[in-house]
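As written, the chain order gives the labels A, B, C and D, with residue 1 at the start of each chain.
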């Protein structure tokens, strides 16, 4: 597991990553949430500025309101607090597929310059992988059908690669126009949020570029952790640090998790 | 409405028709039931020799146990007494379509020599019908997918025709082999039960032939009410009259119907 | 987010002349009150969609709201024919009615495709029937794995779907139970939706067999107690079977139908708009003298085909 | 009609070496006890099917039951990798494991097609992914109405589906509620089924959100209280999250895994048949010394992909 780099004002790199991800969610949005970092960020948003955020888990729970971070997408608290619980076929067919969900919130094993995600195998040979990853889960269709997608993962050369070994979920494919050619209805990964900063697609090429860094993080530091020649946006911004309220809420959320966090 | 001809021993032609239809159902069968005569017969069977009969209505009620004859396929009593209530898409897709149901019990507007059913229009021109009938409902897929089908309708020249004006539901199509060519998985209409007797398909040609008559009904009488040259089975049988128990049960069933019978 | 508004406002803001409107409810929970509001608002040229266009569409067709009907079974359940429907088809009164007809399985799957955001659905159906050649939106499709021939039906995507439900909460979440039919699919397939409810309650406690439509999937909610009558809402009312039987005589005659409409639909004003764009009552009943439609034959024989 | 029998008998009468077996339960209601019985009976060469082959299939794969896995997400939810699964794929221990992998949406629709008696289902999915070219049973399909390109997936029809449910009644009707996953479809798609239940109750009173499988759709029922552990049965138990965390260390090492299996699975005899065709416990653990699989890297990064 990546060690969190210590933050400046008493917050960790993981904490500012989660807070930044949470800020990307607007109140009353509908949000398809994966377990781990995405679930942490979405639940933080709901606990702070977006109390009306509608959390949707692939287990079929729509409008779940967990009081703590669930360890799995099927924890009982999700069903017990949901507005509606539907079957797994229904959550994919009636809810995700038609483009009914505003935001998809994904993790990744590898991600490449066009935001394509690999969660299947590391290594060039599918049949003899260097590392066998868990596989697709709901991610391919979340990446295809949500209005927009946010990817949350920690920065490393192993994770940010020129080209993923296997495309599990399509970001911008081979660049601009790929999504349209494939008939993917959503806008794709509009933000990749890491423990160093934020990447967003270049509107012209759809290549991910650096648009924000956290306080104390330098551009070369991010580039050194990225496996392609990472371009920097002309409008590069320093991302505001977590507020005390955000930190307090995040730590409270993790503290009540029966298993001490979904990391 | 066809006037019931008076029966010999204190039962009507409609009563022996319903009793004969009920006898065709075996205990613990699953039976997809239409409203009207089919529902009467199926509920009679459940009240007499087949208490474990599983009644399935297209409203999504599986294992309904109504204490009286429902007027519609969506009466509250069906949902309240069912083992399971499912959506309308589900009843057709998961329950009827896979061939999970033993028996389909249908009515008809017209029926022809190959057991094809018309409930759409009377008259040669679909766009200027002589009589507009209700349409297909669930019948086409019941006729296609139940293991076997029983059709219950009153005998008349108007109803029993050489060729139906419109094929709403396929019986044996153009004769033997048609169902296989169309990919219909069920065996088709193995019995047509009327107020005069019973027709069954000739095993060689699939043409409906007379295999049974009620007491007091003559073969020429049936032939005179049939719009094609009705063949008579070598094994033509006289169908036993209703027993006192059957009649009592049928009359009790109809008596408690809040609207006096679903005829 | 659903808005809770008076029925007249809900219909006014969602339905336009010429729209494709689905009013669903499978025997149970039929949105009759909303149908009456559509008649009162004098909406015209609607493409009406419904698996079982029973009494509710008989009234709307007779009142002249419809240009076309997309359906799978048009009868008065357990009673017989729909006389206004038949008069429109057989005699073009009060206006010709274009038909597109399907089987129940086909209609249900067309809604499923609409709800699922797919352009079509696949079923074992229609093969060998006259429907397959008569109706558009039905095509043969070949399984890419087994080469088996099956049937594809095109997705239904109504402009507006209207349903009746037992309850909503103040946030606009909707809950209905009992025979739930195809209403979830019909709402999710539509661009806009109107839900009439028996009541708004502070909280929707879970109910066995209940479908919940989250507020963000619903357009307008209107509180209309007994808004399904003569259909019913399980737990609130029972089906008025007597009305269905009585409808046979009311609807058989154009004049009597017109009088019924004036008295029981146009005469009621549940939420204003009574005078908004309505034809004079007399104009609607005017064609009645032309009647003599020969309907009613063989109703008993044909109802069995509802299954 | 379902038969209520001991678990060992249910498995013995329904599962054969080489069968395609689906054990479903989406985090909730995972049929762990039945999985252990399959291990105890020494079944071999199974094609295991499951959307989320988590700890239950890690155990069965490690025990040598499986020849092939058809799945969409193989991880320890919220914890990390499945080490036995990875050891089989990366090192062929205890036997090579053939993979056929899909997305969740694809797997769910494959069960839907199986339950619906269709040879395939259609979805918006897979397009542009490596899955589309890697896995069989995925094909492009063209809408006959719009010419749009979509994806077809072949139906799944397991020989046996195994699930865990809260309750059954004496007639063999089965009821489960909470997160109900894909279990209805998995049972209806299969030729045969085994359902373990927390208890048999005289009558299944209706429950909010409950799925009922009528007795005539189920093969065998076995009463196994807490039969989902470490998964849970809503209303009966809570998810043993500590066990999932502990499994990471147990499963990381072949020898420790073998000991765990001997102690907690093979050492238990819930219904006889303990000595029926089992390999000696030592033989299973024998390969443990060959370990050093390098698993465990990056688990934290990868779990996010579960969504």
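In this section, a contact is a pair of C-beta atoms (placed from the backbone, for glycine too) under 8 Å apart; a residue touches a chain by one contact, two chains touch by 3 or more.
Just so it is clear, the structure is predicted and the values come from calculations on it, not from any experiment.
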| item | value |
| --- | --- |
| Joint neighbours of subunit D and subunit B, given as chain labels | C |
| Higher-contact pair (C-beta pairs counted), B-C versus A-C | B-C |
| CA centroid of subunit A to CA centroid of subunit D, Å | 28 |
| Subunit A and subunit B: spacing of chain centres that average the CA atoms, whole Å | 58 |
| Subunit A and subunit C: spacing of chain centres that average the CA atoms, whole Å | 43 |
| For subunit B, residues contacting two or more additional chains | 93, 97, 145, 185 |
| Subunit C residues counted as touching two or more neighbouring chains | 117-118, 123-124, 148, 150, 184-185, 209 |
| All pairs of touching chains, each written as two labels joined by a dash | A-C, A-D, B-C, B-D, C-D |
| Of all residues in subunit A, those that touch subunit C in their complex | 28, 30, 54, 62-63, 83-84, 93-94, 97-100, 145, 185 |
| Subunit C partner contacts - residues on subunit D that touch it in the complex | 117-124, 137, 139-141, 143-146, 148, 150, 152, 154, 206-210 |
| Subunit A - residues contacting subunit D, complex | 1-2, 32-38, 57-61, 70-76, 78-80, 85, 87-89, 92-93, 96-97, 104-109, 117, 119-120, 126, 129, 131-142, 144-145, 152-154, 158-159, 166-170, 173, 178, 182-185, 258-259, 262-263 |
| Contact footprint of subunit A on subunit C as seen in their complex | 1, 115-118, 173, 184-185, 188, 211-214, 216-217 |
| List of subunit C residues in touch with subunit B within their complex | 26-28, 51-52, 71-75, 77-79, 81-82, 85-86, 89-90, 101-105, 108-109, 111-112, 123-131, 134, 148-150, 178-182, 184-185, 209, 232, 234, 238-239, 241-242, 244-245, 297-307 |
